[in-house]
Amino acid sequence: MRPAGRARGLPAAAYTSDRVFAFERDRFWRGGWTCLGRADRLAEPGDQAGLDVAGAGVLVVRDAAGRLRTFRNTCRHRGHELVARDCVVRRPTVWCAYHAWVYRLDGTLRNAPRYDPPPDADLDLLPVRSAQWRGWLFADLSGDAPPLPDVVGDLDSVLAPYRPEELRVVASRSYDVAANWKLVVENYLECYHCPSTHPQLSRVQRTEGGESFTPTDGWLGGHLDLRNSANAMSLDGTGPGWTFPRLDEDAARQVRYHLLPPDLFVTATPDHLVTHRLVPVATDRTRVECEWLLPAELVAAGTDPGYAVDFWHTTNRQDWAACESVQRGISGGGYRPGPLAPHEDLLHTFLVRVATAYRTGGPLSPARPTVEPAP
Amino acid sequence: MRPAGRARGLPAAAYTSDRVFAFERDRFWRGGWTCLGRADRLAEPGDQAGLDVAGAGVLVVRDAAGRLRTFRNTCRHRGHELVARDCVVRRPTVWCAYHAWVYRLDGTLRNAPRYDPPPDADLDLLPVRSAQWRGWLFADLSGDAPPLPDVVGDLDSVLAPYRPEELRVVASRSYDVAANWKLVVENYLECYHCPSTHPQLSRVQRTEGGESFTPTDGWLGGHLDLRNSANAMSLDGTGPGWTFPRLDEDAARQVRYHLLPPDLFVTATPDHLVTHRLVPVATDRTRVECEWLLPAELVAAGTDPGYAVDFWHTTNRQDWAACESVQRGISGGGYRPGPLAPHEDLLHTFLVRVATAYRTGGPLSPARPTVEPAP
Amino acid sequence: MRPAGRARGLPAAAYTSDRVFAFERDRFWRGGWTCLGRADRLAEPGDQAGLDVAGAGVLVVRDAAGRLRTFRNTCRHRGHELVARDCVVRRPTVWCAYHAWVYRLDGTLRNAPRYDPPPDADLDLLPVRSAQWRGWLFADLSGDAPPLPDVVGDLDSVLAPYRPEELRVVASRSYDVAANWKLVVENYLECYHCPSTHPQLSRVQRTEGGESFTPTDGWLGGHLDLRNSANAMSLDGTGPGWTFPRLDEDAARQVRYHLLPPDLFVTATPDHLVTHRLVPVATDRTRVECEWLLPAELVAAGTDPGYAVDFWHTTNRQDWAACESVQRGISGGGYRPGPLAPHEDLLHTFLVRVATAYRTGGPLSPARPTVEPAP
């Protein structure tokens, strides 16, 4: 689906209207699967985290059997948060700090103090549908999205050689970006901007000549080669001298970019992964949570992850500056959607999917479409 | 009116909708009596203060006869404030700093410079209805609320033994709370949260076993006993070794909580009062003005009010943290109003009154209802 | 058009409503001529500036022939700004930092990298109508305002003796004012407030006894005499001992105030000019760009402009404090538009023009009205 100079971007209102933003928040984020980060952030039974899905609080609990459970992060009594947002605690029960209501780790109400008789209504925590995939935890606030494996589709086999489920988070960083979340996605989906925006990246990675993947499902992605002079995505091109052992010859010299809409970017390099998770805050504001993931072997060998952290932190800031400038440039009435370049085919695919979801009321991550039988 | 586990809280929109907030601001605050603080803040003739009633400016002036007068804090010429908000000045006239229009302390226009002939329209300051009660000044921006004594009702005799009109403000503190004003009120109306939220308070005061008052009028309240081990509401339970002399035996060992809706909390302890005055700023933001009041005898004796200031400042911050967590918890779509506990009967009375005012267009502080004659 | 105490100000909503503000932004600022500042800020071919017209980005470029050109500050590809807002750069082409699209200084697209064939659509920069007048650059985003000379009208001959086109900017300062832009204009149009608001100014300039100009066109203005004891608008009344040589005897002792609606104030004194340019940000927020202009002779002689800078910076801050107090005073429901004073005739003319533009859909700077032939 090469746009060939004829396809054009979305109109300005898609990036500046509060009503469009509210629609997207309700349909794209709260209406389907969104990523809550790494599951191993909750390591032990009793670990509990307060997380944020597009402004809605979600409580994640590792129960006594070691299974992760997710609930609305809201006490059934008066609505107090059960764990403060962005915090992790370890406790044998879920405990509301306001009136000391106590829930078991499976979400059932254990005690409401000073009730006699106890309240007879169902006051267990409201469950939130969740699922895990290769180390990441996902939630579906709507409860009726297709099963997560159908949405992930063959991205699973594409990422399998990196064994993401065995990686360790060695660094993380949160960014506030003054731009609409779609501009951050669009920026991720093309490397046409790399030569002008990313001089450091362009020294170690080719910026053209790659290919887009042809997913069977809702994800998008493509890959580009490391330059011959470079061995890793780092400021000087040197890395840990190690490569994921299951990669084929191509992948061992490629940087592979994968978007699982609406919110997870997985960038796979020969020796590490870096992920970006988007949290939409307002039509012109997005929080981006970036994590660096290294294989356990390298962590055990004492590899300093600074080579990857410095590189992507440099690249991140260049990207956010570009996105923020576009946000300003398309505000104020002077923007006409321009033609997409041949190297923006993935971006085009994404925009077509957004436009379709505007029409259908979508979510943005459709599962594999049912194949229509031939008549 | 024990809720008995069946009554439930208000829906989330009551705490998150801008439209509900605008309604409440216009009907509850600007539509009836609100408290402007202590009258003796303006001690001498010519003293003038610029105050704020839910975003509307009010000018308070002590006139030559020593009487307090209240006006819109807006010059009749072009609208400049007459005294800057939150400031007190002493001047023989009311003087607009913009074009030097001068008003007498009774609000009549004395001079509009460079008019010849003088403007013939009525350009006296726009009066605001006001009244005092036991040292507090109240304003009614609507002008047609029932008389203040009818709204205060028997709260007057309930507080009489503390002689509030003779107390001195020994400390004050302003808090910005990121929560809807009703959450701050609800938090004040129950001590069900005390054991978990207020460990210091719970060491010196019992948190159950008290009674609610049965007011004849618009106020609400209840009382709880000091613990046997404590003599005062302080971090270590010791106080000034003095008790209001007119208290009966019960009151001399009780902490009494009184709400005069929508905005004044009067907490009476055996040796001091503390008050909270709410100023609604936005649907999710409330300013709280806290004042500590001590009897003149203790002030004259050089009593350090720190024992009460430290105690309530600690308690205040715990309360605001809880209110702010509830505000977050009920935002984002995952909140279902829960059942109120038996110890939340006052809160229930308040919510019924709010819901009634939503329906009738209220104000929130009804005067004593006319008794229907028997048929 | 002396208001004589009967004419009144605009209702509060004109200064507090978001809808009124959006109307004014679209009709008054983006619907006609607005000032972009001094043209000589871009001195050499290749100089480029990113400017702001009421939130819309404008790119100004001095082309190879030395002519100023203006465009939307938005790349035709994806909308990135071409020059960052409030920045000036010098480059042989217009270059988008995002994807390296290149435009010639005349706005035509020179290169879109990696297109083969090149895009066949018209992708030249979107031109913005502009014009210069006596050293100032103006833009008309609507493209259909009357010619700038018709809007400027006889302000041109009024200012001619000061030869503004030959002056040098010797200082500039940006202010954020928490008031509606019209309050800033109204404050400029009367010196009735000077005795009370500006003690320093009132020591060197008379505050009454002047005259309003009777323009044939869209501008407004008036003049007031220097006091006999003063030689310049400075804190101590002393100046550089020099006077614009072409001024007549009256002008040589006058301070002359000129408003070219909606956004340019030109204050002409016997030895320097000071200008204010308004940028509306929100209904209660205005950015004011102040510039001090001295004749080349004084600059060449090494005159320290501090005498004028200190004086107007003092005066500016007094004005903004007054405007901000009015903004607060007219918010909250207690404001009734008051009678305008005899010395507020210019302000009255301005308000009548605003009210007329509300009715007709504006813009605010009408050209000379066509004279109706006698029947």
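Order as written gives the chain letters A, B and C; numbering starts at 1 within each chain.
One rule holds for everything that comes next: contacts are C-beta pairs under 8 Å (C-beta built on N, C-alpha and C of every residue); 3 or more make two chains touch, one makes a residue touch a chain.
Since we're looking at a predicted model, the values are computed, not measured.
Enquirer: Is the contact between subunit A and subunit C built from the same residue numbers on each copy (over half shared) or from different ones (under half shared)?
Expert: different
Enquirer: For the sequence-identical pair subunit B and subunit C, determine the rotation angle of the Cα superposition and round it to the nearest 5 degrees.
Expert: To map subunit B onto subunit C, rotate by about 120 degrees.
Enquirer: Can you work out the whole-Å distance between the CA centroids of subunit A and subunit C?
Expert: Spacing between the chain centres: roughly 47 Å.
Enquirer: Subunit B: which residues touch two or more other chains?
Expert: Counting only residues that touch two or more other chains, subunit B contributes none.
Enquirer: In their complex, what parts of subunit A are in touch with subunit C?
Expert: 5, 9, 12, 186, 192-193, 195-197, 208, 322, 325-326, 328-339, 341-343
Enquirer: Could you pull out which subunit B residues touch subunit C in their complex?
Expert: Listed in rising order, the residues are 30, 53-57, 72-81, 84-85, 96-100, 112-116, 119-121, 123, 126, 128, 141.
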